[in-house]
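Here the structure is laid out as structure tokens; the discussion comes afterwards.
Lettered A, B, C and D in written order, each chain numbered from 1.
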């Protein structure tokens, strides 16, 4: 993790590159999320002030688009693709299996903050349906067993590290 | 429409409501006398009849459906009535009785609020009363309803209008006459 | 070569030089490195080939190239060896040595690794995807060698803006974003608009679930999009362009960013394009997960950094678009057609496809079909040909039930409509739409009520919330569906569903709401018996619904 | 502004208005009533509520009168059976989308949605009503927002931005989850930008924003936007 002043500097540089142009708000929010992991009220207020935009406008934009997260995600993130092709090929069963196995609801994280489960509407990997994204990597032709095993491996590996 | 000798059989029913709609009905005042010449009240909270009779022509129902007894009564009324009318906002929208619908587990919460939180003595939920439905519903979500008279309460004038039109064999036009609240 | 400012005549030289350079190789090994193949290890395969040709000492006669998608996304990583267009499927690094040894060194293609579905390519006609899988998208020289940027040179050197528009009008090209508005007419409107500056927005916000043709194009041939934008800018008098792309497409973004940088370095973008007085530059704008942002007026709001809420038209973007200025909004697939139209003439283009719908259309063919992937077929081809010839029929030997054409707001069409030719008007007539080109094959294991509910759910999630019919109406439709699939429906619900759907279609503000009820309307029209069985018999013919109800009852 | 005029027909009446006039204004100025909710004189038009939809001869589509400019020879129908049906449907959807209980609402008898239901004869709602449970924000000294009653017409947002210039209010989320917010979705009481001008309460067509302990008849004043604009133009 970068230090706070370093992160702020990154964000400042990026906004300067866009000349504090309010039309680059989406790009700037993307960058903010990339730097901080999610969009908290503090950074939203900072962006609003820097771009000279009303806070409610910035908040409205940040919550309109599903790509932006206003809450910190878990250490590991699994995202199920709910696109048509994946749906037809049974991604719902995978989602339910993950929910059951790790006691987590979609859109939320496990109590220990280790795993977040999200859904997205189509990642465009439809020919490999059903697809699931685990920590940024696409798993095509996924099955409940494959996903759960992979997640167990990730979470288990983590535990041994912390021990 | 009707033979002069044969009066139209009218029933009224009171479910989960405040009886205000019935009061409004009585507010027709002297018009009630004219009406009495044409109709015969065969079942009503203001008439002492225990069982809903067969072959009723018109039934006016006040109140929403909130418990299993009301549900049964309503279904029975529907089976035995030609024309069923929702009278007042509770019957038409659910209105105040339905406000509890906003909570999950609303039947239980409502009972606890009434019989435990707000009770001074004997804090307990009675077991010998009809069971509350999980959701309070307007009549047309449960049975087919033929006409609607919204209002809290509907004015005597609107009730008169609808009944007069129906008795004259016409379909009431509710434009400009549906005042909710 | 890169970084030198080019003049109009220089491109020809680069092309010739590249072609000469290519000729030195006997074989070309094209490894598909697009989003469909990368997760299955395409980059490892690429590396393995580079090592294997060295190992066998054939690196002088073999060019190993990273390319875009050939379309057979279900059998990736895919590798094409030229000459002969041998398509190897499911290539893994451990198979690479054998391929190089047998195919390149011994001249014996490895038969059992080859893609066997010849029919997949037979009925396709590749215009937009002309370079997909053939050139390295990260090298501008590859594109130039394939005849790229020759069209903008032709425009700048020999054509007036009006002349370009005339050719586009003559081509009969219609917008590929879904609505099918004639492209030439749109260009004329923007060109005639007097205020300035003017803008171009290239729409790459492919939000339809199940559709990835635009992404494939951007990953395989980014310069075709840029050239299309350049020509459009020249024709309408625009000087700034934005490509609005989904943030969920990192590889396409990277490819486009590289392409823009290369084009700028060679003075194909920027001030004085190819040392002429024409100036045009392109910037990327990222979407952030909003299907509605693909709508023409919503995309403008999003490019301006606002909530992607559509606004009523008029005013049309051609007169009042970005920041109130004339703006040409065009899908990237439409734009990729433009260089070919300029080079070969509108008359040539108008002969492809049908009279009213010229050219080709890219489709993402997915669902329960044997050969899923990206296809490009001439307009007017029948659904039957697409599903059974190109697609190779229904997967797992199941029975065909329906085909959904046009994405989540498309229509579910039954077997009886399979002979329907695919064009804008025929599809609209039967309640489907072209949309952005999704074709999902549905087999007899799927329930049509559940399918319609799924698409309604999608549209509810993606509704912007501005207008009442779409925001509140769709939610009510969903509630009715939930009742039916819980076993609490009654036959009157069907009338309510239909009434509400038609109201939403007619009364909604934008295309999302106007088309959102299509799946409901078409399934009610073509599969009403399935609804009736759910309601009357409490039976789901595909055994998908009532499951949760049963489980709850058991508990 | 050009001085040229346009002649068109609305419901059979020939009307001449300045070029660029919206159908809604052309109709209203000539005594033809088209129901509206989100449109408000003095504010920009949203076109979202869809109540003012009209038919224009020659097009199968419907047009929002508030935002469609007149053109010469246009033949507009404002009250066909289909339009009446659709308006009723719109009102029903608004009534069933959130908790609208007129009998206990501050806006009872002063509510535009309520009077529209009356005018159009919406005697019941064919859809199941949704009973929402959004928390009421009464943290402001005297302004209260009850989002259960909000119909998302965005009048408050537009008046706050365009007339007051504060832009305290905006929308968050999207679709059916859309809500009116203050600043970063803060409680109204801690809003850093609200000027407490109460214009939002004046223009709210329903009982979603109101002034505590003030009769609505006194609060409501939807002509405020037009009035202020006229003062500024002087």
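Following the convention adopted for this analysis, a contact is a pair of C-beta atoms (placed from the backbone, for glycine too) under 8 Å apart; a residue touches a chain by one contact, two chains touch by 3 or more.
As the structure is a computational prediction, the values presented were derived from the model and not from experiment.
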| item | value |
| --- | --- |
| Leader among chain pairs (count of C-beta contacts) | A-C |
| Between chain B and chain C, centroid-to-centroid distance (C-alpha), Å | 58 |
| Geometric centre distance via CA averages, chain D-chain B, whole Å | 34 |
| Separation of chain C from chain D, taking each centre as the mean of its C-alpha atoms, in whole Å | 39 |
| Whole-Å gap between the CA centroids of chain A and chain B | 52 |
| Multi-chain contact residues (two or more partners), chain C | 290, 307, 461-462, 464 |
| Multi-chain contact residues (two or more partners), chain D | 128, 171, 173-174 |
| Chains grouped in pairs wherever the two touch, ordered by label | A-C, A-D, B-D, C-D |
| Interface residues, chain C side, partner chain A - complex | 35-36, 38-40, 73-74, 76, 206-212, 215, 246-249, 285-291, 302-308, 364, 366-368, 372-374, 404, 407-408, 438, 440, 442, 446, 454-455, 458, 461-462, 464 |
| Touching residues (chain side chain D, partner chain C) in the complex | 46-50, 53, 61-62, 64, 67-69, 85-86, 89-90, 93-94, 96-97, 126-128, 130, 152, 171, 173-178 |
| Contacting residues of chain B [partner chain D, same complex] | 86, 89, 92-96, 98-99, 101-103, 138, 140-141, 145, 147-150, 152, 173-181 |
| Touching residues (chain side chain D, partner chain B) in the complex | 95, 99, 101-105, 108-109, 111, 114, 117-125, 128-129, 131-133, 148 |
| Interface residues, chain A side, partner chain C - complex | 21-27, 29-30, 57, 60-61, 64-68, 81-89, 120-129, 137-140 |
